[in-house]
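Multiple structures are listed underneath, in structure tokens.
Next come two complexes, and both contain chain A; in the first it sits with chain B, in the second with chain C.
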Partner chain A sequence: MIAALRDRFDAFFGRGRFSTSVPVMDGPLQPNQLLEEAEVVVTRPALDNLASVDGAVLFSSGEDLFRLPRGAAAPAPIWRAPAPIPCVAVDGAGAMAIGVDGVGIDIRGGRHDGRQIRTFVSGPLVCPTAALFVDEDTLIVALGSAEFEAAEWKRDLMSRGRSGSVWRVDLAGGKAELVAGGLAFPYGVARAPGNDILISEAWEHRIVRLGSQPGPHVVLDGLPGYPARLIAASTGGYWLCVFAPRNQLVEFVLKERDFCGRMMADVPPNYWIAPALVSGASFKEPLQGGGVKQMGILKPWAPARSYGLVVELDRDVHPVRSWHSRADGKMHGVSSACEHGGRLIAGAKGPGYALDLGAVQGFVAELA
Partner chain B sequence: MSVADTLTRVRYRYFPDHVVGEVLSKRWADNAIAFVALVVVVSVFAVVNGRMFSIAQLNDLAGQMSEYGLVAIGFSIVMISGGIDLSVGSVFALCTMMVLVAMNVWQQELWLAALETLCVGALCGAINGILIGYFRLRAFLTTLITLISFRSVYDIFIPDVGTRIVLGTPNSAIWEVLGSGSVGGLPYSVLVAAVFALAFHVVLSRTRPGWHLAAVGGSRRSAFNAGINVRSVVFSAYMTSGILCAVAAILYGAQLGSIGNDTGVGLEMLVLTAVVVGGVSLGGGRGSVAKALMGSVTVLVLNNGLQALSIQGSTASMILGFVLLGAVFVDVRWVKNKNKLLNSAYVSPAFLKLPACPETASDSGSPFAVNDALRDVEAIGLGRVEGPEDPLIDRDGNVYSGNRQGDIVRFLAPDFRTMEVYAHTGGSPLGMNFDREGNLVVCIGGMGLYMVTPQREVVKLTDETNRSKFSIIDDSRLRLADDLDIAHDGRIFFSEASYRYSAHDWPVDCLESRGNGRLICYDPRDKSTRTVLANLIFPNGMCCTQDKESLLFAESWACRVNRYWFDGPKRGKVEQVLALPGYPDNINRASDGNYWVALVGMRGPSLDLALTMPAFRKRMTRQVAPANWLFPNINTGCVVKFTDRGEVLGTYWDLGGLNHPMVTSVKEHKGYLYLGGVSNNRLGKWKVPGADPSWTGPDSYWGPRS
Partner chain C sequence: MEAILELRGATKEFRGVPAIKNVDLTLRRGEVHAIVGENGAGKSTLMKALAGVHKLSEGEILVEGKPVVFETPADSLKRGIVMVFQETSLVGSMTVAQNIYLGSEKLFNRLRGLFIGAQQVLLSMNFDVDPMALVSSLGAAQRQMVEVARAAHHAAKVIIFDEPTATLTPEEKHHFFGLLRRLKARGISILFISHALEEALQHSDSITILRDGERVANGPTSTFTRASIIQAMVGRSLSNELYGARKGVDIPIRKPGPKLLGVDNVSLGKIVRNTSLSVYSGQITGMFGLVGAGRTETMKIVAGALKRDIFYGGEIRFEGRKVRYRVPRQASRDGIVYVTEDRKLEGFFETMSIAENIQIGHLAIGANPASIVSMREARKLAAAWSSSLQVRAINSSAKIIELSGGNQQKVVIAKSLVQEPKLVIFDEPTRGVDVGSIVEIHNFINRLADEGIAVIVISSYLPEILALSDRILVARQGQIVEEMSGAGATEEKIMYAAVH
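Moving on to the complex of A and B:
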């Protein structure tokens, strides 16, 4: 009874559990414009799933998989999928696991070339969002949602979906084992010390560790955005891509189920009050008070539906530095990254740019 | 519209949610706390000890009120000025001694005795005032010292004077009547006190000295900077307190007829409790006679009630002490949080369902289709003018506009390189037009309707209109006069966009979409101002049509242009002319007999949906910070040309948003279109294909130059 009263009080004033406040970007996450100033490596629409293979950069653009060898002028398409490619994993020995949205995962190259993973015990692979080769025969697969395809991620967020899961697939034997279920859109998988794996749980804006302990164990919480891919860094830490910012108005709208339902039914997804990979293209998108241009200038700290953010995490999964593209920038929606030739390449899926963020070795010098 | 929608619309149209916010914004809203405290105390004691409210007891209470009330008024005047007067008890005692000595011992007339008492009170107050006002000593310590000093003077004289007062008899019939007479059941002393209370209420709330007092208490440094003589205001506050103590003492002396050693002891604590319970702020700047009186009644009822219950004096004091503590706590928290509460309660959204949005996609074939027609706009005054809402061009081709510093600036023809300040008006100059005599008539947001003569003299035409009967906010004031147009007979029709929001937060009116605007007519022939149409949803642009009988006006958040007939057979009618995919702003004439309207922003489906859900918007304004609120998209605009029959002739966009992302007004002159935007840092000039190269606005309205 006291709890119910306190809930009503909190709901009226927007405090406690009903708070819409968003963590501030400060300390290692202090905003800068490094993504805007970075050199462009290549550009293709919806550039995603960066990976480094045999001295070449691999990336997907819609349904096509491209390969850009070092020193080449333009990337060459190497494969076309029947649907947009939501995830790509490479094992460093020639094998690739390529996701196909709404369909499943295809293995190309290596020992299990031609394998197609279409269903698990729980149902069809509707939404493969990340994959990781533990060794040649074991693949970790993250499914973002059991209801919506990867391209419908916005619908899953606004429906407060929690139907994601992580599976360990034994490619040799063909068996798939559920590692964790009921996750809120796992979007990135990386190996942790021991036999554990780190998952970025997007809608809960946190990173959890699965493995030795029963159930997910939260290692990094309170991110100011929705995390995407986690990539193990050669320095021992991790690279975290954050594909969209958290916004106070979106947090508020998520609590208003009535409005959400009507908005999802009546309004096209590009114009929802929801995060986006890129914003500002159309005047039909929602605008917030701080986003009004004065004297022709959009303030960099304006509340935004899209943002560019790459974070470097250390061994203990704590942020140590970050690259940003602020509200008035263009390089938003960074969803993937890879290390290539000693340099960090990040892919901004919003405008479709791959950016060179600098040499990797240089960062080691700052860590003790 | 579905049944649910109709129900929602009716509920939000007729249930006055906005009243809560408006009441909170009033000065007398604070009285609610004191009133509630009074009601609680009275009801508790009525239940516990009903006899307390018999006629005889009430008469007694009224008599006590006449003294305490007056002293409380004086005390609160000092507190409003930011000080405190702890010596009221001693001054009261000295004045009572003076009046009784004068009446009983010296056997003087009442008027002379009263004059002498008032002088004593004024002298005591003046001592406080000089020390605190002119020598700038600390109020608390100084009045503590004068408390002790005056009480010592009293103690010196009381042994000698006390018995002589009791032995003597006064020589005045009026004195008897004042002490014990009554009229209509009320003692005369209460009537005298009521007259003083009313007089001081008027002075404090409606006269300049009263406002100066509150200004000094609210912010001493700002009052000094504004030119108020702070020292003399503080001095007069203390002197007034002394004089009021004297008046109270006269009434007390008339009732009691004698004094003792403990006359006035502890009065300052009682009055301090009364005044703080009433809601007069300890920090200064806030307070009124009503608050002082309500607090006095509350504390007197409490005090008398405790005595009637045979509670010992010291226990009663302790209880009063706790009451004072509670009152101070409430006062501090109220002062700290009142603005927060007001901000979160003020926005009162209403229901608005817009018709389907006209298509704007570039390949849709719709007359509103997006294009890049304004790509080659030339900039005027780039970076030199901030917020030119409405450009105006005179017959010589000079371009005028307002800016956000409150100037009307002018760019000289033909190259517009020279910019000069034509007139400084203050406020936010918005819509402008020339009248028949060449005066520049301008609507200034925050001020009203003004005019700049050709000799550059700024003249106020009107800044108030008739007040509506049931509005809590004083809507006789013009809060956001937006655009105007001048009829053929010189009558000026102008729009007041919203009486609840002003020039710096006008987009919040979209979150309300309540119909807070009106159309007003100023007639220069008899200098009258009259509201012509009310409950319009952000009326904005105004343009008189060629037929001299009607005008077109825009309702921004309702995304439509209407036509209003002010003359002729259809007089008084309003008809919708045009439904738009965005928010119309200023409307002006085109050279071919049609009209230009600027769209200051474009509709978006999420906001359109939110406008049909007022409870959602209300929760948003309460739970989300204002910088994150959903806003109308005023980052993009366009220009539409239309006929008065509602046919769209063309739409012109700046697709890249580089030159004119938002447009609030366009005016045509000699084949070119001049563009302005209230958030832009430039004016624009664009060649209109096929326009009459000799057409000018002033000629179209008033004929060729005479």
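Moving on to the complex of A and C:
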């Protein structure tokens, strides 16, 4: 009763969960143009799911999975899925877990080659967003939503979806155990010390730890964007990709449920007042930099629907530095990253670029 | 043009500390003269000396070539010098006409006569203000018009404006500068203090720049550029001697610890406007801005001393938790303390002893559940903190009013730190403090950050910001507009961010 009253009170005054405020990018998240300045490694539409295996970089582009060997000029397609590939995981023994949107997960190579995971006890694997091999026989799978496919992430966000879940799959025994449910679009999985795992919960703008403590334990909260993949770094910390920024307009629209419903019913998703992987492609888009233009040039600090951000987190999951592509840039929608040959490669899904962010060891030396 | 007002060798000391030193100034008839300088440069003191609020310690004032002595504001008013303060001195519950005639009423007044007279004054200056309107219903620019009309009614020859545009909207500023031109055309001389350099460059005929109470540059506006004004405002050799060590050059920058405080889109009327910032443990975050930039107000909201806007006032997160303090005590209990810039008004109880003042800080966090306060414990506590902060007093029973400014400030700091804070906000920590104490207070602030405490230092003194800060936030017009590392910051860069 008191909680309901407080909710009404908060909704009236714009406080609590009805606040439209957005955390600022400052300190270790202070904006720069490092993503814009990074060297482009490869270009493919909707490039996503970077992974490093056997001296090559794997990545997906729509339904296709590509392999780019070190030093090669062009990537080679190695597999084609019946639907877009929303997640890829590799283990050290040559096995790959490939998520297929609206279908499930296929295992290629390794001890469980050919294995297909299509349903859990909760229902079909509609939206596999991230996977992680704990060992050869155990796979952690994050399902972003129980209702919408990964390609429909925007609809899940605007519906304020909280049907995501994380599962531990025993590939040998075929059993799947629910680790956590009711999550707001878990988009990244990484191993934490002990047998714990870290999950990036996109719609809650936070990273939670699952395992040793009952329920999700928040380790990093109040991110200024929507977190995507989380990758354990060889330096002991983590790489966090943030695929879109938060802004006050979207926060406001998210609270206006009637407006949201009508917008989703009447307007094509590309023109919703919602975050995007890329923006500025059409005059019909909302926001358009909030009009912060001078002499026709969009200013970097303009409010935007899309943004590029990669964050280095330390062992305690605190941000220590970041790479940005601001409102006036184009390397937006960074959804995945991997370490390859001692260098950090990030994938900007919006324009479809893989970017070389520099030597991994170099960052550590500079920080020390 | 003949000189209407001159200052020769003007010096004003407060308890032996000079606020202005040997300042010369010449104001000609019909001239618009801008006074610029950092906070604390002595601009307001100079203007108040001309308006008769302060009496000069040394030097002389000449009005139309004749030496005069102003004992009270009434003396300067008689000579035709009127000062319009930033906070207008009008009475809100009275009409415009009544305010214009305030102080010059006859024994018996006809209201209609007042209105007709006021109407004539207003029309003669082309002011679109209804003389029958209540002053409380007017906007900031119209209030200034009424102030000016009142000055004209008193046959002012010189009008002094202190930060006239600080509270005006762009449209109101446009009206205000139109008003200046009309006053100038009537042969009235204008002196105005401004932090907005564009205003000084665009609307004045000559500029005087003050620094550390001294005139460092003076001349026709055409001889100045923005860069030369900023250089003159901030370049100080004395400061370099006092604040020789530089962050990032002589002292390493501290790495940020976990984020302790997040201020997200916080608003408070027109003073704090959708401002956002973060503060990290184990670092000193410096906040610089000119007067009216909203730094103090933002931090008072954090510390529970002010309340943000009721509707969509933004959020404050402390240790990841959303907080909304109604009173400072709640913030103190959570580990946020605010060391005020105005210690005499807000910092201590001057008739109480050092021990009692420090003990009050201790009681504020509910550390003493007993209803009887042990003075022996209080004295022990005071002795420990006096030793830690090197407070120089006969003993802890000494009244705080008997201490020097520096030692008073140390007691105010002790009163806050006794609460074992996680975040300490120092607002102008060395204002009115002697040089020796400045060094000690700086050392103490550094020690706090080294111990992992998050420290915010609000200062209007650039060398202090540069000497202390690991990262610097620059505020302008109620928002944080720039963040820079202590290593890469320079006085010019900070000042540029603060005024553009």
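One rule holds for everything that comes next: the second predicted complex is superposed on the first by the 344 of 368 C-alpha atoms of A that agree within 3 Å, B and C clash if a C-alpha of one lies under 4 Å from a C-alpha of the other, contacts with A are read in each partner's own complex, and residues count from 1 in each chain.
In this text, a contact is a pair of C-beta atoms (placed from the backbone, for glycine too) under 8 Å apart; a residue touches a chain by one contact, two chains touch by 3 or more.
Given the structure is predicted, the values throughout are model-derived calculations rather than measurements.
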Fit or clash - chain C, chain B, common chain A: clash
Touching partner for A:316 - first (chain B), second (chain C), both, neither: second
Which of chain B and chain C A:218 touches, first, second, both or neither: second
Partner chain in contact with A:83 - chain B first, chain C second, else both or neither: neither
Partner chain(s) touched by A:273 [first = chain B, second = chain C, both, neither]: first
Contacts of A:14 with chain B and chain C, given as first, second, both or neither: both
Which of chain B and chain C A:151 touches, first, second, both or neither: neither
Of chain C and chain B, partner touching more chain A residues: B
Touching partner for A:28 - first (chain B), second (chain C), both, neither: second
Which of chain B and chain C A:256 touches, first, second, both or neither: first
Segment of chain C that clashes with chain B, given the candidates 23-31, 59-67 or 131-139: 131-139
On chain A, positions contacted by chain B and by chain C: 13-14, 20, 248
Residue numbers on chain A that touch chain C, as the complex places them: 13-16, 19-24, 26-28, 30, 218, 221-222, 248, 316, 318-320, 367
Residue ranges of chain B in contact with chain A within the complex: 386, 507, 601-607, 609-610, 613, 616, 619-620, 622-636, 661-662, 679-681
In the complex with chain B, residue positions of chain A that touch it: 12-14, 18, 20, 247-249, 252, 256, 258-259, 262-263, 266-268, 271-273, 283-296, 298, 303
Of all residues in chain C, those that touch chain A in their complex: 255-259, 262-266, 276-278, 280, 310-315, 317, 320, 322, 324, 471, 473, 480, 483
